[in-house]
Amino acid sequence: MTSIRHSFFAMLDTVILVVCGALMWWGFAAMAGPHVLTGPIDTFRNLGQITGDPEFLANAWETLRAFLLALVIAWASGLLIGIIIGAHRLTGKVVEPILTGFYAIPKITLYPIILLLFGLSLSARVAFGAIHGIVPVALFTMAAVRDVRPIYFRAAQSLRLTPAALVWHIIVPASLPGIVSGLRIGFSLTLLGTLIGEMFASQRGLGHMLIIAMETDNVRLLIALALLLVMVATIAGAVLLAIDRKLHRRSVKGQ
Amino acid sequence: MSTAGTIRIVVLLTAVAGLEAACRSGLIAPFSIVPPSAMLVSAFRILASGEYTADILATLGTVALAAVLSIAVGFAFGVILYLFPRLKRAADPFLASYYAVPSFIFYPLFIVMFGLNRWPLVAVAFIFSCVAMTIATIDGFLNVRPILRKVAQSMHLSRSQMIRLILLPAALPYLFTGIKLAIAYAFIGVIAGEFIQAGSGLGYRIAFAYESFQTGTMYGLLLILLTCVVSVNTVLGVRERRLYERLNR
Amino acid sequence: MPQLERSESSSHPESVIPIEPNGHQIHVSAKGLVRIFPATVNRVPLQALGPLDLDLRSGEFFSVVGPSGCGKSTLLDLVAGLGKPTAGTVSFEGRPVMGAVPDGVGVVFQEDATFPWLNVFDNAAFGIRRQKVSKEEIHERVSDALRLTGLSGFTNAYPAQLSGGMRQRVCIARTLVMRPRLILLDEPFGALDQQTRLLMGDELLRLWRETGATILLITHSLDEATLLSDRVGVMSARPGRFIDIIETNWPRDRDSRIASSASFGEVNARIWTQLRDESLKSMQGTS
């Protein structure tokens, strides 16, 4: 089967799964009633209405702004930390358990500390988003750099490469698949962190809209926003996943 | 104690000492961060007084329940997706982006379904951590070397025997990682839920202390939470590492 | 047929290439080489090699055989400059080799060293791209090397699409592009099947004749050593020393068909007689 037909069938399968999910949703909503859960068709209609609303667009832009800033910070810092602890054995051994420990902490408990440090500001939201994404990027980058096959270093030595050339032309391309996996997960978690940050530390943004919807029992708005978030996250995630897959396919079995 | 372990302890102690100095010297405003020594004192006071014991136990209980459920169901889903690769491929984009959605927005939905008790918390934490176990399970089975399956075939093992006697033991390290992650995410889910909308539990108490400007109490409670989470994670992490070492020939 | 020219090693002002009494130019000279790996948590210090002497003549094909663990690969590392000897000296073209790979030396490893993120052409061009060479010259040299290794039709393929033998040829091409005067091969065909090995051996001989380089081949296959080489060095069990260096006296213009000649059997037998005892020692773990 050619790869295009292959991808087509894969997408078809996903579409079928989505349809099944939508049917289950519809059934559940019908059983539970509109005060608990809006059905899929109504939700799409609500979403259509909401996205036309200028207030919504302003909120969405706020979230996008904070998210992109947080993402850049999370990706850049995570990469830098990951490369350092991946390349230097001892530093890696010292730092890795600290990072995995930090990863397990419910970051929401750091929210008061961040608020106390940054106040109610964009920085607080960005900080919150960034601390969610930085650790997985660092850990995945570390593993990818560590796993660069030793034979590449010997080959580089035999070709008399400078250290800079070694890093740029060998370590980076060799560890790229693993790094991209980390960036992908960092993306999802940073988005989550930004939204949570907005839920508590903001008068604007989609997270704020969510909290208001929760507090005023506005089920229609809540479910519509949830759907929007799921769609955005899934599409972005799928794109990154495709890139991730393509990079990993280049690696030979056992390479 | 290995070199790395020693250095790590030194680094952490230095960081704590630095924070202590910064707080005491006034470099960091006293209402934002409390000196670590004060945090420690507060934590002991809290534990001794027994004031918050019920909340702490409630949180731990909820976490345990959510973790057990998500490990069991997550494993089951993982097995199903492993046995039906077509289904897995279809579900991949969703598994990949699962974490981006704050699952506790469904909290109100669960309150309506389960009532104003701790069950909505269990539900939210369950949804959050279930996927971690599923992905780890799939990963684990996929990483079993094909040669081992050939060996099973050559010994005429039935499907269930193969799963029980070969796949499970071979995938155990990855499954254990899944368990570790599921517990960590259960903690995150429960605490986050308690933070937002709950009448009891450690997360709720921390939020309450923050809102009523009782920073001392808040940091004491945070320290207790931190200690719980880190110790559970460390114990599991040590076990996990030993399992992976067995794998490396 | 395009030739990879021999670069001007003899016009190098600072190098003094020694000459043996019988007129052979010495390309590589190793004296009293010893390599001791320092103690680690898991083991005491390990003397992997030596003391060992070796003189490689310019343009010859020299193979090293020996039991497992005798230090063959360590020897290659020291000659290449990939590691430093604990004692003794190595010199290449009259200049000492101390822990850095000299210009004019190329290495082919046993493990697949192709870079999966580059296609065949870029893999082969990798080494020369790091130097200040014009694009036209890069293209010319890489195309030549790929032609010599039979990879002209695969310039855009990626290593993941190639067989093990072809990937090894890519590594050889990458080395050839650098125009090495000394080529070191560490069991390059070890991961390949027997038929491919034989064909690759013939190819290696062809490349040797075309380039005029000196070749040092490490192999555990006696047949391969006997077949391909001008001289075969037989190493003892660890710590490795040469217990014999055998001249095969094959004509330069040879291929795998000399395997049917009588002298082939004699040389082979001579190697094995000495090697057998050493191999037994190595297997029993006594050295």
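Chains here go by letter, A, B and C, matching the order in which they are written, and residues are numbered from 1 within each.
The rule we apply is simple: a contact is a pair of C-beta atoms (placed from the backbone, for glycine too) under 8 Å apart; a residue touches a chain by one contact, two chains touch by 3 or more.
This structure is a prediction, so every number in the text was calculated from the model and none was measured.
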**OP:** Between A-B and A-C, name the chain pair that shares the greater number of C-beta pairs in contact.
**Re:** A-B
Subject >> Farthest chain (mean CA position) relative to subunit C >> reply: B
Original post:
When the C-alpha atoms of subunit B and subunit C are each averaged to a single point, how far apart are the two points in Å?
Top reply: 54
**OP:** Express in whole angstrom the distance between the two chain centres, defined as the mean CA positions of subunit A and subunit B.
**Re:** 18
**OP:** Starting from the mean Cα coordinates of subunit A and subunit C, work out the distance between those two points in Å.
**Re:** 49
Original post:
Hey, which residues of subunit A end up touching subunit B in the complex?
Top reply: 10, 13-14, 16-17, 32, 35-37, 90, 93-95, 97-98, 100-101, 103-109, 111-113, 116-117, 184-185, 187-189, 191-192, 195-196, 199, 207, 210, 214, 217, 219, 222, 225-226, 229-230, 232-234, 236-238, 240-241
Subject >> Touching residues (chain side subunit C, partner subunit A) in the complex >> reply: 80, 82, 100-101, 103, 105-107, 109, 111-113, 115-118, 126-127, 130, 158-160, 171, 174, 178
Original post:
In the complex formed with subunit C, which residues of subunit A make contact?
Top reply: 149, 151-152, 154-155, 157-162, 165, 169-170, 173-174, 176, 249-252, 255
**OP:** Using the touch definition up top, name the residues of subunit B that touch subunit A in the complex.
**Re:** 2-4, 7-8, 11-12, 31-33, 86-87, 89-94, 96-102, 105-109, 112-113, 184, 187-188, 191-192, 195-197, 203, 206-207, 210, 215, 218, 222, 225-226, 229-230, 233-234, 237
